[in-house]
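After this come two complexes, each holding subunit A, first together with subunit B and then together with subunit C.
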Partner chain A sequence: MVRVKHRYLLVSLLYPCASSSVAAKEPLPDVIHFHQPSSDQLTVPFLLRVIRDSVAELFGDYGAGVVSTSLQIKYLSPATSTAIIRTPRAHYQLVWAALTFISSLPKPMNQSCVVRVVRVSGTIRKSEEEVIRRAKDIIARAQRPGVNEGVVGDILKAVGRTGGRREEDVMAVMDEEYDENDYSDSES
Partner chain B sequence: MFYDLNVPWSPNDRELQRTIAFLDELGYDVVALTHTLSGKLPAEISCPIPASLPFHTPNSLCLLRRCTLILADTSQNHRIAQIAAAYDILAIRPTDEKTLKQACETLDCEIISIDLTQRLAAHFKFKMLSQAIARGVRFEICYSPGILAVDSSARRNLIGNVTQLIRATRGRGLVISSEAKIALGCRAPADVINLASVWGLGQERGKEAICKEARSVVVTAQLKRTSYRGVVDVVYGGEKPMATPNKGAQGKAEAQKKRKASAITTNGNDGGEKESPKPPSKSDLQRQEKRARFESQKGTGTDIGKDSKIAEDQENTVSTSNVAVQIEN
Partner chain C sequence: MSGPRAKGSTTDSYAPKKRKDPPSSSSNNASKRHRPQFPSKTIPATSTSKAFPNDEISVSRFVQAREREVLALEGAMQAAKRGQMRRAFQDVPRDMRRRTASHNPRRVPGRLRSRMGREMREDNTTKLRGKSGSGVGKGSRMWIRKDGVMKKVQKRKEKGEKGREKGKKRKGEDCNRNSVGAKDTTKSDLTKDEKDALAQRIQNRKPRVKHSTSLATPPTPPARFRKRQINKSWLPTHMFHTKRAHMTPPSQPLWRFALPLTPTAKSYRPTHRANTLRGAIAWDMSYIATIGLEGVEGSITGLLKSLGVGDGVDEEIWEDRGKGKKWRDGVRVWDGWIFDLDAWPEGIAPATVIWCTQEKNGTMSSEQPPGTSKNKREKRRVFIRTHPAGFPHLWGKASKLAKVQKPAVSIEDLRFEIGSIVVSGPGATEALNSALWPSPSLEGQEHSPDSPETVWKTLASLTNPGSLPLNALLGFNISDPRLHHPPRTVAVQYDTTSQSQLTRTLAFWPIDKTQSPPAIFDRNVRLASSRSLPSQQSINRRKRAAIPGDYPEPRSTDPQIPVLLYASREAGSWTLLLPWKCVLPVWRALMYYPLSTGGNPKFGGLKEVRQLAFEDSRPWFPGDYPGTRAGWAWELQERLAREKEWAKRPPGKRINWESVDLGNGRKGELGRGWACDWENIAPQDEGQDPQDSTIDPQFSPFQHLPSRIASEFFSPRGFHDPKGVAQVFNIDSYLFTVKLTLLARGVPTPCARIYRLPTTNPDLRARWLSLIPSSESLSQSKNKSSKPLPRLPKNAPSHLRRRALAASLLEPVVLPKVIPQPGHKDYPFVPDKVDLIGFVTTGNFNLGEGKGTAVANLVVAKVFEQERGDGKGKMQEKFLCIVREAGQSVGRLARWEAT
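Right after this comes the complex of A and B.
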């Protein structure tokens, strides 16, 4: 019996535009602003509909059909604005491109939004580990907003390292080696 | 290092700070602010983008200043050299095939940026584009107009034109940048690379387009402006730290000063000899060599001092002991 192969996209929703409701007196630091929690209206069926519509808009009926067999949202946390999306392995790039083309969330939320794919992995376990790591990282950065500023920032800049940001942090890591042998999460 | 070489700039743009902060958040390291020139050029060309922006910018981000010149007419004198000197990067946006041909063949710029959201009249020809790529000019793909497009025709045109451009250039010499007027139009490097690979560029080429090719644009632009004959550049000439040549972020005056300074440092190396400000040409060197050989053939003890002086002289001009030399292909 051949297992159905998936890819799990770990995405984070970013909110780059100023929301009118939170017209705070003192502006939030940018890190916190971009990673703000989503509203409670962001539910699994809602996000699934957004993704389906986007795929259908960009790739038509073909794309929607090819993707729909295994498109599923495995995890959604409005508090940290992250989600794990399961896609068919052969067509994960279609879903990814469709996510890239999302620039706003429709009706009940009515908010502009950028979807960033943070990790592509063959098993859900790796994605979960990454979720936890990212969340910790963002909390640490929000608590110490001035890491890259001031004297320390100047020194880091002079040494050629900007606050310890590496290429792996920027690029979406793809792990390929877990494809074939790992049967630990072959549910559904 | 990730580059976004096209962020439109306009005076009193309140959205710009957010865009820059968001680009930093997404992981970009170098961002070029673009000022667009079109129509009749002003008499006095100077860069209106201030060296330090009026708001706080992330420390780790390097900001460059770029000019996009819209080319509508081939016959007009565009004073390319003058514009190039005022900005860090010069891009040209041809509007039709004639101007595209001119830009590919003759104009001295770094980037050719075609408006891909419009339906183009003619196909791209490999012969024409490869001429530009051979000269070191890169073609730019701006993704943001397609993402933010309200009507689907702009997006369709963008995708169609990008695939055509990838086909015609065979994936070489492409740079991907955002041209995002608002922060919403920016995407993370990984997303852009995936988009490029869906459009047919391939993962590796996509990454090159956003890292390596974009870096080469920045470096060649900097070398063209500050270096000696586009080959040798003084990275650190032993001055006091305040006067260290920075990443080309200063204006034209500074660049010129630097050029002079570099010429002097490469020529007369604190030896105190009075040399002409021009470095020795090939024939000069040959003559010197001949003379040295002649002197050594005479081979008497009295001439040794003079001989060695010539050798030392040559060494001074050719090798540069306390000048870091950076050579780019």
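Right after this comes the complex of A and C.
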């Protein structure tokens, strides 16, 4: 039997202009400024609509058609601005491109936004593992004392670097091999 | 109950039902067929307003939100796993899975049985009873033996109660166990001193152990396993192996043992790797027979000499210095062949002889220098270990010889008393090191730095047991390995200081001076250790009581298991001797040891023993010695198996031996194609038919020539007979074992025919010789091809170009020497039957060498004949032969070498 193959895009949403709206009593580490929570208006149908519109805008009816076969939001957490998006394997680049071209979220949110594709994988399990790994990493960095305080913090600010940003913060990981064991998908 | 069904029952109550009710989707039915729930597809996520009330962001809330995300996703992964349709028997480890009737809940491991039962009930799978398993005592009525079983349980209960009462009574009295304990009830009114006095007066004589020269009987198995062991015995690790290995068929035990043949997991390459590159491989070799000798040194020496130990080939072991002295002092083992001297040199089997070290008593030796009469009268102990195939012959011989000695040697069959484990591979020492914890010394002090116990602990980083002094041994006591279960990886140190320390230890080998008599030679210690093994329950209790993460504290009452370890340089393996009943705990400790290089040690069966021997081109006893009785029995058995395999195939698909084309108009395979047909090349009297009934098929037509003598005969310097053995004995009927290496391609298989270079047809001989891929021709052709004419630059003037062209045209064309390949019309055909000199006994592609090699046997006389035929031939040509697979017409050139 032939299975329908997918790609799972692990996506994190960044809000470059949002930090002003956040009320904070204490100075927060850079990681928290970087990984802002989304508003509650970011829902699954809303995100889906945004992606569809973006794909249609870039690739027309053709793009919207081929992508719509299996486009689905598997996981969306507004509190952490993380999402796992299922796409058809043959056309995941279209979705990726559409996500990259999103610069702001439309009406109810009306917020400028950057969508970062963090990982592309063949099974949902691997993207879940990646979310866990990243979350743990972020927790560790958020709890690290004194990154933004004292002399070191000042120097970092002066140099214009956020504490502990690494290559993987700006790169997406792709694993093409994980096509098998797609156990989590029961309806295809 | 609602919907269509309820309606139908009310309206059509009087009309007969035409069809069954359709399967309703009511909750009643659904609960009957309970399927594992699919995981809910949505992964729970918290909303921002919940995670950050009042839009207030703080580090702790931020971290909490992420933590909740981690939990949610981990839960999702778990749920997805639970949603898989995996049945219980699919969770059995791969190498333990059985294909046959794996759906039968009685065939899955105990821990999965209840789950499987539940799954079957949920699925409404029919469970057939009485058809599977042994079928004894079950059947439609279930347990026929149930009455008996119930009675037994009742009896045990009663016994237990009685025992408890007795125990209470005994506790009430303060009795001294060492005194005449049986009568303590009547003498309970005596005081303790009186009792001691009495005890001294009526001291029981120590029971004398009678060494009977009768054969040992296997230990009586528990009742439910007894019927399966009528014609065979089980190894101590039988249960471990039956779950994971193909065993000998129940009706065809090997040497009266149920042996593991090969693991069910694929293991050809893994075995090679575990032995040479990384890891370790272990065998339960408890089937190897041990004979114990006890007597004065002179008698034992006499007995061993008359068994041909070191006779003619290894004389220096009887000298009073060096190797021989160390061997008789009990710090080295001796490995070699044992012969039946009535018909020298009829080899019985390869054997290992180990002397027990003498007690080192400082005061005594100063009073009486060695060699005095008392020293001579002192009893010594010796173990002879041999393969079970050669055991009956050896036992018969040795027990006769033991009586002849003056004073007589007592001989004991220790077959089911001493078991053994062999471990080989780079991780072998490490794994053994973790399994064998030297027991703390009795006085509670540390072992001396040179004692075997301390030295053993320092050997963990040794990767090749062969780098120990040749045939070195260590004997000490270990504590119960179950106390240190699960085993942990030994901290192997590879820094320079510890490595140099190890090198120094290996070079000086301090154990030569410190080895005390290994306790395994003492029957009482052996028995005591196996009797005092605590139950698993009590071990568990102690483990529970221990500090978490620590092993239980050693106690003075812990059993001390005597072990003897020796390394083999040939095979690069450790051999561990230990009491039969202690094999299993040590085996478990070995099998579950996490190696520092990753993975666990593997286990092997008989096939793996043979494979590794073949990879080292070591002949394997008995299979590669058709000249011995045991080897001949093996050959006959293999022959039958191969014939059966051949006859099983339909006539159109099996090799038709009559039509095998041997070239030059000859047709038909020589002898029986499925056999190493030794009868066919045996020297016979004139006019005797090879299939004559007067030849007893139970006896080999040949005898085995010891390898040391063979390698003297056929040394690389030439064929000669230094001691004139050939004149004394009729060498016509002797075989010797060789290693074959094919010169070109091809893989030899068992039963392949081996020819010498043609002696009758010089033309054919020359054609065969032209096949030798000489290194000279190879290098020449390489040089030619690698040095083409120097290329001219593109802008070279035309006259230079023309000159170069002329030169290249005038260049004589040198064609590379074309070696005809099989199938080509110029490929020589195989020689005649007179040139048949032997058969391949083991052959395959050798992973160690990267090409086909074989172990074969050749007829001594035929090889010497060749020498007489062409005495002037090149040295190299003498060691050439032609190998032809049985049933094939293509021969291939090979080089042999006496092993």
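Things to note:
Note that in this section the second predicted complex is superposed on the first by the 141 of 188 C-alpha atoms of A that agree within 3 Å, B and C clash if a C-alpha of one lies under 4 Å from a C-alpha of the other, contacts with A are read in each partner's own complex, and residues count from 1 in each chain.
Keep in mind that, in the parts below, a contact is a pair of C-beta atoms (placed from the backbone, for glycine too) under 8 Å apart; a residue touches a chain by one contact, two chains touch by 3 or more.
These figures come from a predicted structure and were not determined experimentally.
Legend: residue contacts after superposition of the two complexes on their common chain; A:Phe101 is shown touching subunit B, with no touch to subunit C.
In the overlay built on the shared chain, the residue A:Arg116 is in contact with subunit B alone; subunit C does not reach it. In the overlay built on the shared chain, the residue A:Asp30 is in contact with subunit B alone; subunit C does not reach it. When the shared chain is aligned, no partner comes close enough to touch A:Ser70: not subunit B, not subunit C. Within subunit A, not a single residue is touched by subunit B in the first complex and by subunit C in the second. Put simply, subunit A touches subunit B in their complex at residues 14, 16-18, 30-31, 34, 57, 93-94, 96-97, 99-101, 103-104, 112, 114, 116-117, 148-149, 153-154, 156-157, 162-163, 165, 169-172. Contact residues on subunit B toward subunit A in their complex (touch as defined above): 2, 18-19, 21-22, 24-27, 29, 58-60, 147-148, 152, 182-195, 197-198. Considering their complex, residues 21-26, 28-29, 32, 35, 37-40, 74-80, 82, 124-125, 128-129, 131-132, 135-136, 138-139, 142-143, 183-184, 186 of subunit A touch subunit C. Against subunit A, in their complex, subunit C makes its touches with residues 38-39, 41, 43, 45-52, 54-59, 62-63, 65-70, 72-74, 76-77, 80-81, 83-84.
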